[in-house]
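Each in structure tokens, the structures are laid out below.
Each of the next two complexes has subunit A plus one more chain, namely subunit B in the first and subunit C in the second.
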Partner chain A sequence: MFLYYCDLAWRSIKKTPMLSMLMVLAISIGIGITITTLNVYKTMSYNPAGERSDNINSIQLWSQGLDTWDDFQSNITYTDVINLRNNNELGLKAATFRTGLAMQSDDPNIDPILESVRVTDSDFFSIFDVPFLYGNAWDKTVDSQPAYQVVIGEKLNQTFFDGQNSVGKTIYLNRKPYQIVGVIKEWNPQPKYYDPLNGAFNDAEEIFIPFLLAEQEEFDVWGNTSGWKFEPMLTYQDRLNSEKTWLQFWTFLENEDQKSQLESWLSRYVEQQRNFGRFTDTAKTPAESFQISNIELWLENNDVVPEDNKVLVGLSVLFLSVCLVNILGLLLTKFLKRAPEVGVRRAIGASRAQIFSQYMVEVGIIGFIGGIVGLLWAWGALSMLHAEFNMKESVTGLDASMWIITPLIAISTAIIAGIYPAWVVCRTKPSVYLKAQ
Partner chain B sequence: MLSMKNISKVFKTDLVETHALRDFNLEVEEGEFVAVTGPSGSGKTTFLNIAGLLEGFTSGEFSLDGVNVSNLNDNLSAKVRNEKIGFIFQGFNLIPDLNLAENVEVPLRYRGFNRAERQRRVESALEQVGLAARMKHLPTQLSGGQQQRVAIARALAGEPRFLLADEPTGNLDSLMARQVMELLENINQTGTTIIMVTHDAELARRAQRNIQIVDGQVCDFSMYQKADQSLVSDLTQAAGLQKAASSDC
Partner chain C sequence: MLHIKPILSSLMRSKSGPVLLLLQIILSVAIVANASFIIHERLTMMQRESGLIEEQILSFNVYNFDPAIDNVQQNVIDQQILRGLPNVIAASSTNMMPLSGSGWMDRYVDGPDQDTAESTPGFALYLGNEHLLETMGAKLVEGRNFRPEEINTQLDQNGMVAMVSQPLATAFWGDESPIGKTMYQGKQTIEIIGVIDKLQGAWVNHSNFEYSVIQNIDFGGGFKNKTYIVRALPEHIPALEETIVKAFLAENPNRVVDGFSSLIDMKKETYNNHRLMATLLSMMVILLLLITALGLTGMVMFNIQRRTKQIGTRRALGAKKRDIVNYFMVENYLICIAGGIIGGLLSLQLGQQLMSLYSLPMLPISYPIAAIVGLLVVTTLAVIVPAMKAAKISPAMATRSV
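For the complex of A and B:
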């Protein structure tokens, strides 16, 4: 019967092309707007860590003084990072921050470029499961005995070395020679969850260098430099020792036991730091003075999806509801016009349920067509956002799941709008129309 | 076959109660061709709607084919209509978007027949009414008489036990009306029970039995015919069917 209902629906749609077009238009506009906002929201709220989301954890500490900030800072100070790096109880761990350096190669034909650089530990690549094209991360010993080694990205390798295996070759960063130890495959997690504070939807860095070189080379820390007290900072070391240099610290926790161990270590650490005159907000107990955030929590705490975006999704759903009410009116008109035909069908053997199904299939088809047109609207709107407002392609690209979600939402919307008209028409008394015809 | 006992049908509004049928009693045997006549508003169509399970009734008992159908739910009513009853209406009531074959096929679809069976029955029904060659035509491409024949084919396709016809010739000229009547007579000869509501005295006379409904009640002429010829005449005058009565009784 389903195919029969589809056939009847298609005839009915063709019979009233203007009315059908109006309904499709109403659904498609509502769907187009909803899908546009939903797509942006979904892309932004995607968790690129996948199954490792619970294992990859960032640490936050309540190191600020009394009556300062109301929330945990996403990052921790350089001092705390160094102390955590020295915690041998932790398995994989990586301190990291972003900086910028001038880069050049031996090839005089290629001009130097200013590149965004990730300064980190070797475990960074394991924690974030970074895929390698050539070579590997620098050796773990480099995390304690700094060496001028570098891991570069595939794109950079293409630009400077024509995509050849460049392991062992040299590049210059701020005129210092660095030996390439690894080339990573195209890797650009969106959102850039390992450092959302430096632009959650910026591209991943193409250069990675050992963390210990920071102190040696006095790299600037790009990102948060907020402070909560006055501190004189005359030298680079002063800045590192201050409470104003904020870095990320990541660790990979295999299981709950490791997490418990880390929690007790952090409690002891807070108490120890209080003895040294830090962590002066004693309103919080040591257990309340730290936070271990898995990726999901981390993305949420860093507002990767801005509140405005959630409001927009809500508004677009409201708009879709207005469209739904309009469609309901149009469907009621269309269906009641066909009440005499329903009378005939009922008289010759159709049950109410069959009439109801017939009309629900019709609204489903209208919804499906509206969904496809809505998808085109959404695609156009996202392309326009990308072209006219310079929004990142990673945010404005139509998510593959939308090809399924959109028709489903459109069909559901149409069905919700169609329930009442179909119910009204299937309840009509056939005898009323049989004589009238 | 069809048995109605003390059927009453009351239409109620806030202000008035209208008794469309009151203590209506009727027995129709299998294979009968019954004509139902009566003045406008006498309850003929209400009777036909109740007989066709298109409407419920206020009180009484109604059994069809030996089965009490007084309190059937919607699904069962639809099933009975589909399998046992064929309808023919004054206004033909063909679905304008569907061609003849598709119109005839509609009840077969609801019956769940497969494609081959549907096709066989559609062809056979249209052949029976002499329109097999015009299967792909739309109803609007046919004359009134032809449309009514399609409606008859639609009613016949399901091979019903009953055929309920509500003024089947009301919209046709006399020639067409005669043709349709001949068709109904042929169908009746195959064993199908026919109940036909009509205003046409000539057609009513051709039925095996003529029942008159007056004020929602049955007046069986055969009874009066034997009892009192003048009373029959009075009744028919009151019903505005003098011509029909004088020829029948």
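For the complex of A and C:
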């Protein structure tokens, strides 16, 4: 029966090619636009932490003075980071910031390159579940006794060591020798959730070095440094002693108990710092002066999905609804035109349900074709975004889920648009049309 | 005569078609009004002039990683090399580039006492020497440029002077001239010596985008990472990159010279998202109008087929061709105007919603009105062809099948 309805539907579609094409065009454009914006939205709002999202937490502190910043800053001060690092109640913890260093090889023909570098602690790799190809993170003792050790990325290992196991070998950063202790497997989470502040869709760094080296090597900060009061920053030591915020701090909380333990630790910490003359905004209680953000909250607070994108998704859904109304009108037009035919069929003995389902099959087919064409539109639009606007492939690549979402939206749109016309036509009284003929 | 009454009563008799059309027009007006407002806002934003000679400006970074390099001296040598290169009109060190998305922001206060002094709004803080103004091609409207002997190399030195952009001067000092005023940063004093017509900061979305200050510090000293800005004719810019890298590495190989970008490219990159938004929304508006027009045409055509007999009868009873065309036009205008008014109200509501959720300004009433006018034009175009066709139906049609 279904196949027979399909055949009937196809004939009916062919009978009014212009009208059918108009409907397919309307639905496909609506779908094309919706899927394009939805795809960008979906890839941008993706949470790469998966089920670890609640466990991985960053800490923000209200260290600013009265009447200065209105919000928590994503970054915190060096003083706070050092104190948090010394909190032995925390299992896994890592401070991090981004810098850049010149990397040189032994080959004099290759110009030195300036590489983006992440300065962090050994726990960083466990917190973010970074996969290793060779070796491991540096030893925990390096976090308290700095050593010139480095973890490099697979790509860099390919360029400089032909992809061989390079653990134990040396690379030069700013002319200093660093010993390789680990090579990580291709790892490039998008969005770059461990540091969305410097471009949420930038690539992950290929070089990781111990955090404590920062103090002696005075690494530049490749990221935001913000201050809420006047503090001259003439030397690196000024930076370290200042109230300026420029570092992130991460920890891994196994359960709620650990979280409440951290909360009470932070309350006590703020109180203690107040005694030292810090955290001067007394409008905030100690319990309000910190924020523990899991990945979901962190991504949201850092505006990983631009507002524009949300506006676009909203407008494109409205657009789709215009298409829906449009198709509804066209279908009504088309079906009413066929009322005499339906009258005859009803008179011969077709039930209302049969007429209704026959027309719904036709609508479904139009929706399906519209969906496929719409997917092509979306694919074209996404390629255009990639080529014309330098949008990252990770954002403009058609998400796998779209292959299911698109036909689903397309067919349900068509069916919503089709129910009323099909219902009207199946209620046709046979007598009216038999009389006219 | 427009004969609105019979048209209305015929509309009331078969409601579903007109109601759908009404709904479509309501939604279209709401979308088109809001989308075109956002488009207009973005285009205005992108058209703001930077005040610089954009097509002549190239910038790049130098990263000296050799600990043996004396940064202050190297900076002087490097700028001499740049000025000595063929086709280079002017060159200077700087700490940041306008429109680049990364830079410094700071504020001054107008008195030595931190607690009582009034603070300027936040501004982009450029550090440069006496060549920076010429290299950028920015115009001085009042006061003077730095003198070579005034240039400092460190942030904590005495004798700081500064030039401020006109919008900042107006915002803080009003009609008063800022020339000669002394500003403070901690214990340090800064004397204002000049006013620049226009100089934008690094972040195009920042509310203080037009507020800038250039202070007399040759930024290259004391920092490993330096930015240089070079002015040359547009036709010479592409070749300069290689020349500069070669000259710099010949001087000292222990450094990385990269990050070459013309101001044109920087501007394009920095406004990318706005361009994207404007493009996508324009596409949406055009497609929406297209779909609405096609749907309208389809429905009018169907109506004409259904009313062939009626039209024939009217023609037989003496209606002119013009009357038939008018009938269809008025019918659709009625729906369009009703839909337009409701849609206009809805678009204001939607605009309100967008404004409260996102950082969008309030939707001016002119946009819904323009959207309604636009839709009236589209309606006319979509209806006129089938209506003309309808008018051609011969009176004989009415009698034939009876």
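Everything below uses one rule, namely that the second predicted complex is superposed on the first by the 431 of 437 C-alpha atoms of A that agree within 3 Å, B and C clash if a C-alpha of one lies under 4 Å from a C-alpha of the other, contacts with A are read in each partner's own complex, and residues count from 1 in each chain.
The criterion applied here is as follows: a contact is a pair of C-beta atoms (placed from the backbone, for glycine too) under 8 Å apart; a residue touches a chain by one contact, two chains touch by 3 or more.
Not measured: the values here are computed from a predicted model.
In the overlay built on the shared chain, the residue A:K429 is in contact with subunit B alone; subunit C does not reach it.
When both complexes are overlaid on chain A, the residue A:E341 reaches subunit B alone and has no touch with subunit C. Contacts of A:C323 after superposition on the shared chain: subunit C is touched, whereas subunit B is not. Look at A:L3: by the touch rule set out above, it reaches neither subunit B nor subunit C. Within the superposed three-chain model, A:A400 lies out of touch with both subunit B and subunit C [touch as defined at top]. Using the contact criterion defined above for the overlaid structures, shared-chain residue A:L315 touches subunit C, although it does not reach subunit B. Once the two structures are superposed, subunit B and subunit C can be ranked by residues of subunit A touched, with C on top.
Listing the residues of subunit A that touch subunit B in their complex gives 1, 4, 11-12, 15, 340-341, 343-354, 429-431, 434-435, 437.
Against subunit C, the residues of subunit A that register as touching in their complex are 18-19, 22, 25-26, 29-30, 33, 36-37, 100-102, 111-114, 174-175, 220, 230, 232-234, 306-308, 310-312, 314-316, 318-319, 321-323, 325-326, 328-330, 332-334, 336-337, 385, 388-391, 420, 424. Residues of subunit C touching subunit A in their complex: 16-17, 20-21, 23-24, 27-28, 30-31, 34-35, 38, 61, 63, 65-67, 114, 154-156, 185-186, 188, 224-225, 249, 254-256, 258, 269, 272-273, 275-277, 279-281, 283-284, 287-288, 291-292, 294-295, 298-299, 302, 305-306, 354, 357-360. Note for the complex: subunit B touches subunit A at residues 45, 49, 52, 54-55, 74-75, 78-79, 81-83, 86-87, 89-95, 97, 106-107, 109-111, 154-155, 158, 166.
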